[in-house]
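Reading through the structure tokens given below for one structure.
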């Protein structure tokens, strides 16, 4: 795999996003992540998964400059794959711990929301669904995951404001579960994952489905319509102008 | 318009309820509010709306003494218009800021719940859905908006108790977003509205629909049944006795 | 009745679970509770109900050792009755106050969740949905009641962790509404019940239905499937081994 590093230690698998410098999400990243999760779903040894990133970003979100070169149809095709990916993680039959090593923005935040537990580093990293600030909307499924995670009212503040939250603020909102120092991130993530791994696998899977199936059904019900609307807005003149100003530092 | 004052300053429209002394809601108020919002929906200059009132009440709620003179059928017709109004505001395509200048009671609270952001003055003003205290129920749609705003469990406390909350208590519950002094209300409301107005209009509208469409559908699904039940209870002997004791100070 | 004591004082009925020493739930307990609630539903004198227990347990939950002697079919039949019972209490037309006199575990916690208000003693008592710790799942309806009560995200923590919460911790989560000393439990419960009893009965019933009908419908929609899955897991070899280790102290 080109942008993902996958390793397994005892019964904990760790997936590392490694697409320097900001782990921007493109088609290859989505395909490789999908492949990883599908492999881990059937690997009897693996009882829990950690999802993390290299560098000062967990993920910048979608690779805007790259996607500006896409036709609307190709971009729409990609969005279907991306939303399928977070829906799959949201219902993944094993526990998934997000170890947010740095900035967790837009599409990166959507991946984090799909997990079962979120740790985030205490330093400069910010977490945000900032789509509104560059004239973009979000996807129906991502709104459902956000509501599930922090409730409807806070979901509204997060999406209307598009603010960048520190780990502490994000914990207050419920966007993340625990703040840890950068040095301790891997260690704490492994402890959390081991704790999950110690639960009865079938009982865990069943309880997760009881909690999330209803949400996942609602996600599916309108995801496609919201993708078409998302693409319409991306290809509108005013939003396109704003998107062109987005630079990926590297 | 008789009881509503509408003005526009740059791209912010302000709607002021002005039916002395308590801004009690009757058919004319509902019609005029509906007309205002419909006009503002298509006014390209208007990017955000402030809804506020004159005097020490934002609104007392429905004008009980006036409605006691209505036949059950006419009252039911009115309730359909009133619930249509709050549903329309709940899904209004532009941001609506409620600047709660004073007591915000029953039907008045329902209008406030439909907005995107609620400011309330810090002084003596109370906010309440106190229907249970005079033997009345509420509407299905208003329960959905309340759940959306403060969660299911708090919605239950608010409705079972029928308590009068100060602005500070209401903020703790999530019923309002911000407490301001009476002198600063207009200024802060304008800042909040300008901040909303600065967002991309189409992205805002789309995100608002992603957040609220699902709720609005559920509101509609059972609103009519709940109106019939509401009217039945209003016209029951025991509730009618309690309603007759309600006085509007003026 | 064998395991239930029912008394009425003015317009408050009190149901006491009394199956020494831990008020474990078996078929007789479920039938007697169902009979009590059905009788109280139509008793015009009764305006509110208190549900409590004798001893240091409100309830240990299902009587695991007894049910290990059941065939899968008989156990499934019982589960239908048990989930019907909590669904009935959840929609009971009169206010129900849970006065949690001691440990409130698993199935005991589900009964408590169905009530309108939960008081819990401040001493050693714990409350928990600890099914995952012995390889069991829960029921769809119990998940819906839990989400209703504490929100989706906290529901996930409670069920994934299976932790034992003190009354104070449970109050923080929203699992209970008020912590009281053991000596004051009955007195406070009666005050809460009298306060409920003072509300207009029809308005209360209608508001309760507006709040809960939607939840109850969702509970019903998948309850049966979740019972079959629950029984499958109980009769799996690995869970059965864990269940055999559960002892009821007496």
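As written, the chain order gives the labels A, B and C, with residue 1 at the start of each chain.
Following the convention adopted for this analysis, contacts are C-beta pairs under 8 Å (C-beta built on N, C-alpha and C of every residue); 3 or more make two chains touch, one makes a residue touch a chain.
Keep in mind that what you see is a predicted model, and the values were worked out from it rather than measured.
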Note to self: Same residues or different residues where chain B meets chain C? The copies count as same if more than half of the interface numbers are shared.
What the structure shows: different
Check: On Cα atoms, by how many degrees is chain A rotated relative to chain B, nearest 5?
Finding: 120
Next item on the list: Give, as an integer number of Å, the spacing between the C-alpha centres of chain C and chain B.
Entry: 36
Note to self: Using the touch definition from the top, which residues of chain A touch two or more other chains?
What the structure shows: 147, 151
Next item on the list: Can you check the complex and tell me which residues of chain C touch chain B?
Entry: 95, 116, 147-151, 174, 196, 199-200, 202-204, 206-208, 210-211, 213-215
Note to self: Which stretch or stretches of chain A touch chain B in the complex?
What the structure shows: 131-133, 135-140, 143, 147, 151-153, 155-156, 159-160, 162, 218, 226, 229, 233, 236, 238-239, 242
